[in-house]
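Here the structure comes first, spelled out in structure tokens, and everything after it is commentary.
Read from first to last, the chains carry the letters A, B and C; within each, the first residue is number 1.
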Amino acid sequence: MQIITLTSDMGLTDHYVASLKGTIFSRTKDVQIVDISHDVQAFDVAQQAYYINNCFRDFPEGTIHVCCVDSEPIINFGSSQDSAVPAILLFEGHYFVSNDNGFFGLLLKNVPTDSFWKIDDVLSNPSLYRFPTKNILIPAACRIANGEDVSTFASQADEYKRSIAIAAVIGDNLIKGNVIHIDHYGNVITNVTRDLFDRFGENIPFTIFFRRKEYYIDEISPSYNAVVPGEKVAVFNSNGFLEIALNRGARTTTGGASTLFGLSINDIVRIEFSPRGSKDTIDSLF
Amino acid sequence: MQIITLTSDMGLTDHYVASLKGTIFSRTKDVQIVDISHDVQAFDVAQQAYYINNCFRDFPEGTIHVCCVDSEPIINFGSSQDSAVPAILLFEGHYFVSNDNGFFGLLLKNVPTDSFWKIDDVLSNPSLYRFPTKNILIPAACRIANGEDVSTFASQADEYKRSIAIAAVIGDNLIKGNVIHIDHYGNVITNVTRDLFDRFGENIPFTIFFRRKEYYIDEISPSYNAVVPGEKVAVFNSNGFLEIALNRGARTTTGGASTLFGLSINDIVRIEFSPRGSKDTIDSLF
Amino acid sequence: MQIITLTSDMGLTDHYVASLKGTIFSRTKDVQIVDISHDVQAFDVAQQAYYINNCFRDFPEGTIHVCCVDSEPIINFGSSQDSAVPAILLFEGHYFVSNDNGFFGLLLKNVPTDSFWKIDDVLSNPSLYRFPTKNILIPAACRIANGEDVSTFASQADEYKRSIAIAAVIGDNLIKGNVIHIDHYGNVITNVTRDLFDRFGENIPFTIFFRRKEYYIDEISPSYNAVVPGEKVAVFNSNGFLEIALNRGARTTTGGASTLFGLSINDIVRIEFSPRGSKDTIDSLF
């Protein structure tokens, strides 16, 4: 059975997402629709890329992901970098249907790709622009679901729009990362990957510093429960990112890590590696 | 495959909607359930009608729409206008199962209909009233889904309860409309339809005035991106209603059009047609 | 078709629930996933038990309920009461897959059960703990869905962890109950069951007192509409619990019963039975 996922900034209060689902069921049979999130911050293509990148591999290959954020096409006949045209990407066996508004660049981290198409005939009917997700992206997804060859309704294209995400940087005995997400629990997810961290070798003492300097962590735990409830904890989460959390913290009840550490998206998190010992070890000498 | 949609004011936090879905899967096979919205304002039958009217045609014909808002039956043996009995409507090939609480009147805009039934045996078991959506409306929807003839469990009825929605009115060179909805982005949807607007002819200059008199718009744009980000824009949306928006505005982040223009549901929006020229054109003469 | 339900405290904004759904569709075919709630208060196992207990019987027998709240295993080699290991319960024909964190005790109200298994091999791979719902509970649910015998991947166990929910208590002509839930409408659900109430016999006058002593109710109504809109009303709801409501009250608009009566979860509700007459009857004598 074909799966189509939907990600948008439309919310679930209005009828907009239901319009998309009705259109899918009107155009294809035997399909399962899965909502990834409809609470992406409005027009925040980077957040959409974050959500999709962190879960699309959980779906079976062949899944079609309709990425609805910022879907109104922009056609500039000058620079193609200023345009944003509806397009289709085949990546790791998954289809992504999105406006080329930077989303593909963020998802692919700007590596080249062969399987990229721009959807044809987008200019022919401007009234489609009144609800472009429903009128352009969903029909394209349904044609893929129905087994049509993408090349019959889209044209192979050389390149998608490049887009820059903030990357963690490395210095002497230092990683300078950024907060890229704060989740439902108030857990703080950074762009520091396990791969990057491991370059500094095993068993080198380190200290993670946040915006509020009175807090720091000098240990990576295997899971939240490695510390007592309410205690701060650093883990590499299941997506491989360094995550700063409170065990059993929660934004909606007790306040999570983001509140305690005063951290917002894009804030800097510093990891200092100290071959001589972590902050606690050194402090204890005096 | 049969599709059943659900619209309610129950929210998704409690188990109520799950009870409805479990009941459906217990009573019928091979069904897909689609949520239209469960965030209708409590007991707001007009908002339910707005959501459903704007998306039901996107679903395949034969879809069954269970409309759960204000579902407790009211039986008055005097005036039938004071009663509210569970009923079924067949309209444009779609089934609507709802309490007759004004919803049908708002959906149909009070035009006569032939295919309207009142569900039988509602009075026989008062304990059904403790969760009437689950105990009365859902079972009726499942019987339709299972191919039972409606007339075996419901009785053809002459008329549904009439209900009045505020309509836009026309004066000399004037349309006086109302805000009927504010969406997730803060976009302001009015009851001014394209048909009504077009009666004033093409190329007649006009000015749209809001509650905050310092703002006005004198142009209809083909889509949001016709103006620069953050700029105000008037469009006829995909449902044919005049919508006042900010390009890339959003209630949850920057504040949308409703905030900027100080507009709430039912507020008046005036469109003045000026054969001599729009406000800007005339102002520029002085 | 197999049904799997999901209940969690993950919210629907992040990609976490979508990860679970993708994993299900990657591991089993022909399955329908139903969300019970993803808005359980963080780590609130009692609230999860409340939601599931009140709707699981609406689903067909054989449904698999994945209960995701507080899913990180805790292994203590001392007392098994301090441990929390992933487990499976078969109860009234339904499967429940959950961490044994007290949820089973609350669901079963501590009665003995025969069909209880602890999932094997949980200790072998600690990296599973980074997202234990996805890595431990969902795979177990999918193996059940695929028809595998539970005993091939889980071991029969003697007992689940006991857990105590606050029960209503009975005194001389008195029931002292507690608020166990406040729903989307602001309706106040108590732990006073119809069975308990009926022990005091029929037609004995009574008065229900709340925190705000200026309010009381001395009648049980068959449904909300038995009183006029805005009026306070006591009903036994479809789950058999005494519920204090305002007819057409709503937390999000006019303010519901919880606001009017100043009631929060765990607050006491007293029902005094007065063979001599209810508060109103007695007051009227003076």
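To be clear about the criterion, contacts are C-beta pairs under 8 Å (C-beta built on N, C-alpha and C of every residue); 3 or more make two chains touch, one makes a residue touch a chain.
In this text the structure is predicted, and so the values were computed from the model without any measurement.
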- Superposition of subunit A upon subunit C: rotation angle, C-alpha, nearest 5 degrees: 120
- Item | Homomeric contact subunit A-subunit B: same or different residue positions, threshold half | different
- Message: How many angstrom lie between the centres of subunit A and subunit B, each centre taken as the mean Cα position?
- Response: 33
- Task: Could you tell me which residues belong to subunit B and also touch two or more other chains?
- Result: 12
- Using the touch definition up top, name the residues of subunit C that touch subunit A in the complex. 9-16, 18-23, 25-26, 29-30, 33, 41-43, 72, 74, 126-127, 129-132, 134-135
- Which bits of subunit A are touching subunit C when the two form their complex? 1, 3, 5, 12, 32, 34-39, 50-52, 54-60, 63, 181, 183-185, 222-225, 235-238, 248-250, 252-254
